[in-house]
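Worksheet: one structure, shown below.
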Amino acid sequence: MLSDLFSPSVQHWLDIAGIFVFAISGALLGVRKNFDVFGMAVLAEVTALGGGLFRDLVIGAVPPAAFTDLGYFLTPLLATLIVFFLHPEVERITTAVGVFDAAGLGLFCVTGTVKAYSHGLGLTQSATLGLATAVGGGVLRDVLAHEVPSLLRWDRDLYAVPAMVGAAIAAVMIRFHALHGPTNAVPVLTAFSLRLLAMRFNLRAPRAWHRRSRAVEEV
Amino acid sequence: MLSDLFSPSVQHWLDIAGIFVFAISGALLGVRKNFDVFGMAVLAEVTALGGGLFRDLVIGAVPPAAFTDLGYFLTPLLATLIVFFLHPEVERITTAVGVFDAAGLGLFCVTGTVKAYSHGLGLTQSATLGLATAVGGGVLRDVLAHEVPSLLRWDRDLYAVPAMVGAAIAAVMIRFHALHGPTNAVPVLTAFSLRLLAMRFNLRAPRAWHRRSRAVEEV
Amino acid sequence: MLSDLFSPSVQHWLDIAGIFVFAISGALLGVRKNFDVFGMAVLAEVTALGGGLFRDLVIGAVPPAAFTDLGYFLTPLLATLIVFFLHPEVERITTAVGVFDAAGLGLFCVTGTVKAYSHGLGLTQSATLGLATAVGGGVLRDVLAHEVPSLLRWDRDLYAVPAMVGAAIAAVMIRFHALHGPTNAVPVLTAFSLRLLAMRFNLRAPRAWHRRSRAVEEV
């Protein structure tokens, strides 16, 4: 079935894993911003579940999955606890966290696209909501933590583009009835690999035309 | 009936009172931020109604109460007018405002929990939405006013915890069919008292483990 | 029909034009904030479609128009492309952009009011949602770009008031069954003209009472 990329139980555990790594990034930002443990938990929940919450409100799937699956809700609290006690250790494995985050990005852009399409949206809009599912939580995290959203900044490695490519591939495969069973891995792995490449080679998107030549002074 | 903590008319006036004190805190922040009178009104509306609006969108209760009950909408405008003309006087009774705000917090965390449960959510999720109802407006107020959300900061007296405890007690009482008539006052008064204690004794939540020892330098 | 101010095709092109000019303002802020091209596109989409998205979520019109009409979605991307390559030229015609933005403001406050009313909301609430439709996108744009919302600041020319007046006139005309065919232009043009006057004569709203005398020092 379209809305299950993999078998339901595998899908569920992949979702939980994605939620967990997104929550880690939220809780870590809470530590850096000197928030208390409840602030860390709020950022963890928002980072992990915010993108899917937005998608579900837009497609009218209420109550959203974030409020019906208890595992989705409790996972960010577990991530908060781990970061609370072990944050220096978690910071030290920041590359590993980045790799898992890339996996979450790849997974969520595809599941978001598929869920939106299965609720009757067009292919372009489904891919857009897939992108929003993958990156929305991070934007909400930054807004709540009073930071410029990392997604919008030119001096960060590509983050939206891998999710956009993954969502677009998923939409095209849906269009040609090619997204089922093992082929689901194609868009997920494409987005995952692109994000890893962006991290490895510091790939960035251009700013508006005439700005580029002044980039050095502005940094 | 579950969704009426007290008799309908008493409930309605308590809601209006809670909305009024939340709106006062929004309008006062507007004065401090040097916003104009319309900015004050926007912050007053958002602080007073934002939490309930989020809850209603999540449970699918559209149009939300904020847009169906004219009294809910007009009360923040009244609060704005009062703060516009009398803000030095209102600032002077800031402790009294804090006590009323604590009462609003106690009331909204319980009514939010009950309303979410009566729309079919689980007990944990209902308590979470009760918490969001009580604190969501304040977070939106701070985000719109371009401040670090007071809720997340470690150097503020406990605010989420009293609402969390009140919502949790309400959920447990719902579970054991013990929330009806006068017993409704139990979670409301518990949250209210906890918030007053937090204000009186400057109770705070811990930050991540290794940070505590450096707390003095960081302030 | 109430929800069509003008003939459907004229209405649609007016909507697209309003979305386009709002998107220009979003993309330009992205250039000023030194965001990359994807950050510019996010701000353009959010500015152009955010107000209507909020309105549609509140009235339960899901999926919102922003996710059903492909033209609504693609127009901000076109605006982003233009700003990306031509932003110095676009900045130079900033007055013209302001005039088009005023036209968008006038149009959206009325279409928002009419759409909310046709979904069963009261007249006051419909006018409020009309206001939110017109100004909501700009507030979201400023929050995402990590700026104090221009709407709330006292040192900006009146922006909410023209939209508020336009929405209120539309609501009163609906009440007396006077909003149909050519009379639709009355509230649109009133809001448009008021905004132009505010820009021309730097009209501003007052801040809280005792602040006014200190205005000079505070600037």
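For reference, chains read A, B and C in written order, and residue numbers begin at 1 within each chain.
By definition in this document, a residue touches a chain if its C-beta (ideal position, glycine included) is under 8 Å from a C-beta of that chain, and two chains touch if they have at least 3 such contacts.
Every value quoted in this text rests on a predicted model; they were computed, and no experiment measured them.
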item: Path length in steps (a step moves to a chain that is touched) from chain A to chain C; value: 1
item: Fraction-based call for chain B against chain A, same above half, different below; value: different
item: Approximate Å spacing (C-alpha centroids) for the pair chain A, chain B; value: 30
item: Multi-chain contact sites of chain A, meaning residues that touch two or more partners; value: 57, 60, 143, 146
item: Contact footprint of chain B on chain C as seen in their complex; value: 57-60, 119-122, 124-125, 128-129, 139, 143, 146-149, 151-154, 160-161, 204-211, 218
item: Touching residues (chain side chain A, partner chain B) in the complex; value: 30-31, 33-40, 42-43, 53, 57, 60, 62-64, 67-68, 70, 73, 83-88, 143-146
